[in-house]
Structures are given as C-alpha cells and as structure tokens.
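One structure is given here, and the rest of the page talks about it.
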Amino acid sequence: MIIVIQCIDKVGIVAAISGVLAQQQLNIISMREHVDTQENRFYMRLQIEQHADESALERAMQAVLPQHAVISINPVPDKKIVVMVTKEYHCLADILIRNYFGTLGASVLAVIGNHATLQDICKRFDVPFFLVSHEQKSKPEFEHNMIDVIKQHQPDYIVLAKFMRILSPEFVAEFETKLINIHHSFLPAFVGANPYKQAFERGVKLIGATAHFVTNDLDEGPIIAQQIIPVNHSLNAADMMKAGKEIETSVLAKALRLVFEDRVFVYKNKTVVFE
Amino acid sequence: MIIVIQCIDKVGIVAAISGVLAQQQLNIISMREHVDTQENRFYMRLQIEQHADESALERAMQAVLPQHAVISINPVPDKKIVVMVTKEYHCLADILIRNYFGTLGASVLAVIGNHATLQDICKRFDVPFFLVSHEQKSKPEFEHNMIDVIKQHQPDYIVLAKFMRILSPEFVAEFETKLINIHHSFLPAFVGANPYKQAFERGVKLIGATAHFVTNDLDEGPIIAQQIIPVNHSLNAADMMKAGKEIETSVLAKALRLVFEDRVFVYKNKTVVFE
Amino acid sequence: MIIVIQCIDKVGIVAAISGVLAQQQLNIISMREHVDTQENRFYMRLQIEQHADESALERAMQAVLPQHAVISINPVPDKKIVVMVTKEYHCLADILIRNYFGTLGASVLAVIGNHATLQDICKRFDVPFFLVSHEQKSKPEFEHNMIDVIKQHQPDYIVLAKFMRILSPEFVAEFETKLINIHHSFLPAFVGANPYKQAFERGVKLIGATAHFVTNDLDEGPIIAQQIIPVNHSLNAADMMKAGKEIETSVLAKALRLVFEDRVFVYKNKTVVFE
Amino acid sequence: MIIVIQCIDKVGIVAAISGVLAQQQLNIISMREHVDTQENRFYMRLQIEQHADESALERAMQAVLPQHAVISINPVPDKKIVVMVTKEYHCLADILIRNYFGTLGASVLAVIGNHATLQDICKRFDVPFFLVSHEQKSKPEFEHNMIDVIKQHQPDYIVLAKFMRILSPEFVAEFETKLINIHHSFLPAFVGANPYKQAFERGVKLIGATAHFVTNDLDEGPIIAQQIIPVNHSLNAADMMKAGKEIETSVLAKALRLVFEDRVFVYKNKTVVFE
C-alpha cells in the first residue's frame, strides 16, 4: 500500500501519521519525508506492508493532519495515459514497448498525432491512434479536437512525447497538473525552438533534456527530471539532435516512472521527488 | 540537532520515535528512514530544529525503542581524525585544504606517513606529521608504532589516504569501524595491487575508485561511496593512474563528508547511506 | 566514404596514406588515428568527402602500407545482423524499434530465441523469429540448430541480446569476431551468473553493464562499451536488475552503433574505439 | 614533441604535414585532427616521438601549409600563469596544491586578490600574493593596478579562479585569448549573478559549472569544459552553492589541464578540444 501526503508543516505531524498507522498495526517499509522550511510545507511518501481499509484510514489521517492536507491512500497503481506526438518516434516507441510488456506502470489508452507518421507503429501495438491535424484549422479548433479525444479517454496524465506544437493557456488549463512534456534541452538553457541548433552555435560541451509538467509559460513548468550527455566539436547540430534523442527517451522514461510510482509532488513551480 | 538510530525493526517504531519528539515539542526538519526487510533492521537519521537536553531525550528514546537500539543524539559535529599516508599527495592535500578552511567537518589531529614525502605539506598547514617507517622493523613493531601515535590522539576515525601497506587483522581489530580507506578501483573489480595496470590490461572503458570501511579481508569492507570516469584506448596504465587520482580524491572527500555528517550506517558488510 | 586501416606501425605511415588520398584529390573530413606503442600497432579511421573507385584505392593503399595491413574501404554501411535472445525483451525491443525506423545502422535478418516469449514482438515488426529450444537436446545439437539458422542468413554480426545460455568454444569459433554480447555487470566485476545478486550482496554503490565481443572465455572478450548507474541501500537485487536493464539497453545500443559505424577495432583482447 | 596547427582547410593538407614529418624521419605517436566543414577550418595536434630542430621544422611546415597557418612546434610545456581571486578558496587551493607538487602543467607566478582573505594560503605555499583592492577606486584605476601586476609577470594565461568583479572590455582586450574563467553555472543557463539562487528557484535537478575563455560579453566566451552534478529538493540555494564548489574546482582543473597540454583551439566563439 502506498500513501502520499502533502500539507502545511507543524510540530508532531510525523508522530500523528505514524501513530495512526501503529494503531492499525500497519508496518512502514519505507518512508520518505521532506519539509520545505521556506514554504512551511510537508511532503511524505509511505510504503506499508499490509493492506487496510482505505477510506477508514484516510478519515483517521484527515482527523490528525492540518486542514487542506492532500492525502492519497493507495493511489491507482496502473495510471491511464494519453500520448501526444508529432513525427519523432523515439519517446513514443519506448512508451509503447513498456506498455506492451507491462512495465510502464501505466496503460496507454490512446495516441494523438498531428501527423500520420506514427500511426503504423501504434497499430502494430494495437494502440488506438487519433490523427488530429492542425492544418486548415484555427488553433482553438485544433485544440478542441484534441481535447475531445482526450476527454473521451479520461486519462490520469497526458504525455507530450515530442509533440511539436505550442499549446494555448486554455488547453493547458483544461488539464492542469496532468500534462508532462519532454523538452529537448537542459532547461532553463535554450528555451524554445531549435535548442540543438542553439547548443551547437554556443559551442556547449554538454547537451541535456528536461521532463517537466506543463504550465502556461513555455518550457517553464515544474521540472521532474533532467539528464545530460557530453558532446564536442565533432558533432554538428544534426548529430547533437541525434545524440539528444537518446537522453530525451531516457529522461522521459525516468520521469514517467517517478510520476506513475507516486514519487513526485508539485507545489508552486517546483517538484519534490522521492527517487 | 542530529539524531541517528539503528535497531531491530518492529511495528510502530516511527510512531514511538516521533511521539517522543512531539511530546517535547521538537520539530523534524528532515527525516531519512530505511527498513532492511531481509535483515529486519531499522535505520533513521533525524534533523531537529530545536535543541533539547540530550540525555533526557536519549532516555525517553531508549524507553520506547527495541532492546539494543543504538542511539546517538547530537553526535559530535566536528569529528577528530588521524590520516595515514605513504607518498601520494592528492587525497591528503584535499583533506588538509578542507581542514585548513574549516569545511572538512572534522579536525585533522595528526598525519602518519611511512615515508617522509608528505612531511613538508603537513608542516605548511601546521598539522603534526609522524614519520613511522616500516623499514628495518617487523610488521608488528611497525604497526605498534603507528598504534601508539593513533591512541595518543584518540581520533573518531582513521583515514587511509593512499596508505600503501597492508594492515594486519590485529591492527584492523584495534580500530574496528573507525578505519576508512580509499581503494583505487571500482570494487570488487581489480582487488589488490596495481589495479590500474589490471584495468589497462583488461581494456576496460571505465575506471573507478571506492571508499570503504576496512575489515579483515583485503578490500572487502563495507562500501561507502564509489565513482567512475570513462577511459579509452589512448590511455596507458600510467595515464589511467593519473586520471584515477582525480576520482580517488573526489570519492574519498564525498565518503568523509557522508561519514562526518552521520549519514552512514554500517551493518554486517554493507552500509546504509542517507545522501 | 569511410576507410578503416589496421597494421603494424612504421615511420611515415600517415604520410603514405594521406599521400595516396591527396594524389586522388580526395578530401579528409575526419581522421582518427591511434598508435599502440606497446604493441607497435597502427589504427586509422578516415571519412572522405568524395567517392572514389574502391578497388583502385585499395590497391594504391596496399602498395604503400606494411604487409598484412587490413584495409576496408567503404565498408558496407548497412550491416546485416542476427539477434539471439531468451526471455528478456528490453535489448531486443530497442533493436527492433531502431531497425523498424531505419536508425539501427543495420538490418535485422532474423531473431533466434530458445524460448517463444519474444516471438510475438518480432511478428509485430515482421522480423522472422526462429524458435530453437535447448530442451531435450544435447548442447552440440542445440548449437548446430542455431548455427544452421545463422548460416542461412549470413549476418555480419550476431548480437546476443540477453541470450542466457553459455555458448561452447566450438560455437564461438564458428563466428569469431562476429559475436557481440551484453553482460549485465561492470566487467570484470561479477563475472558469471546472477551479477545483480552478487552486486546486492557486496553492497556496491554503482552497477554497470558491459558490451563486448565474445571469445572462448566466459565474459572475457574485448570490451566495446561500459556504463554505470548509481544504486543505494534502498534497492534489493530485483530492483537492481530492473535498474540495470536500462543501462543494458543503452550500452548495447551504443556498442552496436559504434561497431556498425566501423569505429571499433579489435586486436588481441582489447578494442580501439574512435567515438 | 608536440605540434599544433590551425589553418584554412584544403585537399592534401594531412599529406603535406605528414610528408614533412616522414621526410625528417619523425614518428607520429598520436594525431588528433578536426575539419570544421562549415567554417572550412583545419585543426591538428600531433605528438612526435623524437625531437627535431624546431625552427627548421616550422619553416618546412609553413612552406606546405596554407597562408596564415598558425603553427606551434613544441609549445612551452610549463606555462606561466597569474591567478585572480576574491574570497572563495576552493579553486585557488586546488591550483596551489598542483603547483606545489609539480602536476599543474604550469607555474603560478602570482595571485592577485581584491580581498586579503586568501593571502595566508598563498604565503603557506610561497606564492606571491598581490592585494589589489577595488575599494575607494574607480574601476579603470582598479583594473590598471591589476594590469600592472599582471604585466610585470608576463603570464601565458590569467586564471579567474572565482574572481567576483566584472571586468571591463578594456581589461579583457588587454589579455585577449589569455583569460580563463570558471562560471558557477551550466552556461548558457543562469548567466550573471547568483546562479545557485536562480537554479534553486527554478527547481532544476542538475547544477553545473563552465570553464571558458573570457571575451567582452559577460559569460559569453568560448566554452572549454562543462560538468554537472545531480541535485534535488532537499538542497537549498546554500547547499547548491556548496555542492557546486566541488564541480567548479573539478571543471576548472580539467580545463586548465587541457589548455596547458595544448589540446584547446579557439576559433570565433567556440573551441575545438582534443581530450
């Protein structure tokens, strides 16, 4: 059983939580805790050996925790996701493979592409692919088409696996805290378009990728995971893009695992991640 | 205030500990906990905002914890160490620098060298250097000379900063759990002498270094930290040794920081490290 | 055009090679060179801007190089491979995906499995899968069945993508210098079976994976690439295995790219790799 | 003997260079070469087994190379440097240690500090320390004082080892291509002041350091080396700064080694580095 808690910090909060568990003879296998003293905020992730009545346990917890505590007892272990893509295959393929072999920690309900490029790979894995072209449409119309598809599937998360169109604040607001993006740079370096070209021109010696939740500001949401690889003068912008795809795949996979295992807490524009 | 606890695991142990703290109105700033379910063993490191009467707190803790619990409340923040060296300077110099600028988390009481090579650098930092030559002496005699110097200083830890003589089980027994060594390979690869030559001959693509507590078996004690760097065909054994010194310095520095901050627990031949 | 050369070293060898190229008005875009002074051996990889008559160029090169020089001018850019697997999917799936999207640098002609587990994923990618069970067969018989399948496809390389049976010296001899294996540890640590269990029991802080050519000695062939990830006390042997799969996939992918791009030279038990 | 060459690229350039060497019976031990096809620029670093008359060799080289080729034959192996500091010790101490033990690849002629904080550590190593305060002086006056000290020592390079005042374009112009700086972030992220505070507020999961040549634009010169370390929610800005110092030290040490070994070429705003 997994329990995740986020609330205002106060003296005795760990005692209160663990008291409730001890009372119910529940054994803590692993406990991760963080207090953000600047924000006066408390975060906890508990793994419990036994199972217990969830609603009774939640009531008991709420009774001892500060007001507005966010408690999730045994959050759904197999999340449901919709994936949005454009033409690049690497992140989507990795997700489809893990989904197929049951190691993703989530089920892919559908893939939305604004190009047909990745339709065939989805078909090979029997995953529904929805082609929602942005062509000859207004942006609101385009986004409404996608929103329709997403709502129809009611996913826990929407994964932007190299979806290359900028989403409007309206779209983002619709799915707040549910949108996970992979950005092809080491944020906050090289925000925006063509980060590999920017990296090449700047002559950097490392390139990176960043998985983050999406908020209104472009490439500005809470960061979940980042990773880098060394590069040198022998790589041109295209080589960097190729090398970068490897870490994009790997950092998105890591971020999704962390989120799906309920190891990521969001508060304001930052995350607490219990790796 | 720092509290570290190691004991047998049982249901309610976190509640018991945090109950004692809550009762005394002590606020937990950070808590790291690990249960080794295979060994049924519980480890905890707590950082508390306030100060409290230590012996009263320890009594209260002992009263609620399982028998034979090892509790350390506010372990001495500035450890005392003796460093043992041979001829290579890199680890010792790093320790002396941090010691001089007050960022080591420990005080260097003395340096013992079986060669005079590093005497001058110690003198420049006003750190006592004891030359204990192994020449024209039996091993027991040599070790007794060193034991005398060490005992005279009563250090919390003895750091083998590239001390290149093998120590007898008797010596090790004398300072059990206090001896920290840097081994110049990624253990358990390349145990014993000349690991860089071994690594070169095997044609490995990474070389490493390992900081560990010393037990009777050569290079076999509990590992505290390990690190690697990439190498390739262009490096010969001497180049690898040179490159390796950088990570030896860095991994020993990391291990010492972790130990001095009371983040390392030892049980049997393994460590729990709350980084 | 790619040119790779391996031969005995002598004074003037670079002048000789580049003289031939200059004479034919061929421009060197990139040149990597290594002299192993201990073995008196010369290695070179050249990328040439223009195309040229390959056999004429090879004759001109042979005329100026030491005897027994191994020259390969414009080695086949799209290698052909056979993949051997058991039950674990991660390395195979990565290869199949890259093969499908044309980014592997090689074509997968066939997959041989000693279990049927991975038959379906091959079918989804229209890659022929040959089930060669080891059950109720002598080892020679089992291996002859596999050799038959392999020979029928005439691959440039045979990739052991988590093939979990030990191959006989006879099998290895049949395909010398063509067999590439992924070993699930940081060789030479944890040779043999169950490296993650060994790593867990030793309490290491890093685990690794090694891609290497296969020779007669178990896990002893020339190393192509190695990689590690940090681990800690919170991972048990099963967690380490799970974490390890990620680097197994990644290090095999890297090794294959290097081999397929003709960046890897083998001499005795070591490799020269021009990354 | 080391030879470094930078010039316009043309067909036959490698043949020309190696022809000259072969003619003089000089054996190439290692050769690194790079052609920047976009800029049509050629870079080479050669290590030669034998010694030869340098001026004769240079004349022979100039005769076969394109106009304006920059050739350096056997560049001074022990560079001379002046180090500029403010209050932080970590980079300076590392340089002083390597200088003292003869492994820096350069000699520290003098240290200039705008505070007296690091005077004592220099004295302990018998390295002249010049206190040039910026207080109660105009910026031009302050810089002229420093320029005087520097010119008096005629260093090959000036290392800004955590020198925390911004230098004017005039100062930079005075020592063009000789100024090496360590910036405490992963450029181009977090340009300017307080990068650790910026990194903390952005909630990044990696922090970095960048060693670069200094040009007129703040933090905008050619990058020599970069490195990162993982961070997480448990570190505040001060912790990040502390952790960052470790990589600042390490990345500056690496960059200096590369520069002092004549492995770094600068062209426009980028470097070619033969590691």
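Here the chain labels run A, B, C and D in written order, and each chain numbers its own residues starting at 1.
Following the convention adopted for this analysis, contacts are C-beta pairs under 8 Å (C-beta built on N, C-alpha and C of every residue); 3 or more make two chains touch, one makes a residue touch a chain.
Note that the structure is predicted; figures quoted are calculated from it, not measured.
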A-B or B-D - the one linked by more C-beta pairs in contact: A-B
Could the interface between the copies subunit A and subunit D be described as same, meaning over half of its residue numbers are common to both, or is it different? same
So the centre of each chain is just the mean of its C-alpha atoms; given that, what is the distance between subunit A and subunit D in Å? 40
Distance from the mean Cα position of subunit B to that of subunit A, given in whole angstrom: 38
Can you tell me which residues of subunit D touch two or more of the remaining chains? 30, 34, 234
For the complex, give me every residue of subunit B touching subunit A. 9, 11-16, 18-19, 21-22, 25-35, 37
Which part of subunit D faces subunit B closely enough to touch in the complex? 30, 89, 93-94, 97, 100-101, 121, 124-125, 234, 246, 250, 253
List the residues on subunit A that touch subunit D in their complex, please. 34, 36, 38, 186-190, 202-206, 208, 222-228, 232-234, 236, 269-273, 275
